[in-house]
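Chain nomenclature is as follows: A, B, C, D, E and F, assigned in order of appearance, with residue numbering initiated at 1 for each chain independently.
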Amino acid sequence: MTDSWLPSLITATPQEGFELAITLSRRGVKYTQPDVETLKRLRSDYANSAEALTAASQVVAINFQTVAAANSYWREAALSE
Amino acid sequence: MTDSWLPSLITATPQEGFELAITLSRRGVKYTQPDVETLKRLRSDYANSAEALTAASQVVAINFQTVAAANSYWREAALSE
Amino acid sequence: MTDSWLPSLITATPQEGFELAITLSRRGVKYTQPDVETLKRLRSDYANSAEALTAASQVVAINFQTVAAANSYWREAALSE
Amino acid sequence: MTDSWLPSLITATPQEGFELAITLSRRGVKYTQPDVETLKRLRSDYANSAEALTAASQVVAINFQTVAAANSYWREAALSE
Amino acid sequence: MTDSWLPSLITATPQEGFELAITLSRRGVKYTQPDVETLKRLRSDYANSAEALTAASQVVAINFQTVAAANSYWREAALSE
Amino acid sequence: MTDSWLPSLITATPQEGFELAITLSRRGVKYTQPDVETLKRLRSDYANSAEALTAASQVVAINFQTVAAANSYWREAALSE
């Protein structure tokens, strides 16, 4: 993969940070299985399995820890509002 | 998803922080499977599986680590009581 | 759930902190499956499965990380003994 | 459980810290299944399953993170040798 | 393994850090199963399993936490742009 | 186990730190199943399972977080080169 998709871990809001965590989780999958058609087919599988959805949510949670720490938990943004 | 659901990680009490961790865990699922009807059907499945409930509790625990760190573990709130 | 069950993450001793981690782990389950009768039935299942017990212990370990950090690992309590 | 088994997270050496992490992992199981006979029976099961042993090692690794942080990674002990 | 493959955890950009996290994850596998032919065969298996891909993405997420912390989340790089 | 196998978490290089993380992961298994013959037999099993290898790599990743933090991510070593 030569495209640039992760210039920074800094986001304006916690919600954007959560969405970046989702991007990181999907990229982690895509580096292992780059074929888009295969990914689409598999997505319809795990989107209907409670266990697989929980596992996906766990990867997002781990990546969100990283993004949140990078942004010092957006504490200053909260104060300046 | 364009609605705003995560303006801040700061909460008044540890318990509210724990409830935010639950929200984060459910959102992690919802980004992968946005269809509410499917989610309802799956919930009745995993709410009756010990293994699935433990897995769900684990995602909450990981998200609670993030929220608790963001709030400096509510240490000052405890002192001012 | 409107009852107050988590006023603070601060505990007097590491052992009380570990027991709080167990409470957090069970609450993570209870938010998903609030029905007490169902929980009792499921508990007898996973209390007899090595895999499920290990998974439960893992959630406790993750929550204990949070509680231990909140208490600065009870380092000062150890010094004052 | 009313016995005192966790007076402190501080240990003299990393190896003692690792052994404390093992104790924490077993206690996490024991709080869910206190019956010693059942635990013995289950142990013979998972001690012969690669998957279960890896899962057990993972819980130890998580608890060791906590114990190691509590001891500031035994850095000073290393310097004074 | 005597080759040198990990001289540093420092990378110029978050994306290079993410790719290093992938390298770490693969090396974790390779230390257990060094045979390249076996690894190739297994890769075709898990690259077609949603569950296995999610598990792989989780290991990457954990390693990315380490690499991101090592690089102080590339905060300074972001400021100097 | 009475042998001394973990005198310190400090290593000269990141790669040695990663190898220490592997040692920690194996020791976590060995404390639960000390019998070497059983371990050899089980190793041939999970060395041919993509799922088990990913799980093993995850334990290494968690232990590497600990070792890397203990060594302050080898940042100074990188600067002095």
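Basically, a contact is a pair of C-beta atoms (placed from the backbone, for glycine too) under 8 Å apart; a residue touches a chain by one contact, two chains touch by 3 or more.
Note that the coordinates shown come from a computational prediction; the quantities given were computed from them, not determined experimentally.
The chains that touch both chain D and chain E are F. Centre-to-centre separation between chain A and chain D, using Cα means, comes to 31 Å.
Chain D and chain F have CA centres that are 16 Å apart. Within chain A, residues 43, 46, 49, 51, 55-56, 58, 62, 65, 69 each touch two or more of the remaining chains.
From chain A, with chain E next, the chains follow one another around the ring as A, E, F, D, C, B.
Taken together, the chain D residues at the contact with chain C in this complex read 4-10, 24-29, 31-33, 38, 42-43, 45-46, 49, 51-52, 55-56, 58-59, 62-63, 65-66, 69-70. Chain F contributes residues 13-15, 18-19, 22, 43, 46-51, 53-58, 60-62, 64-65, 68-69, 73-75, 77-78 to its touches with chain E in the complex.
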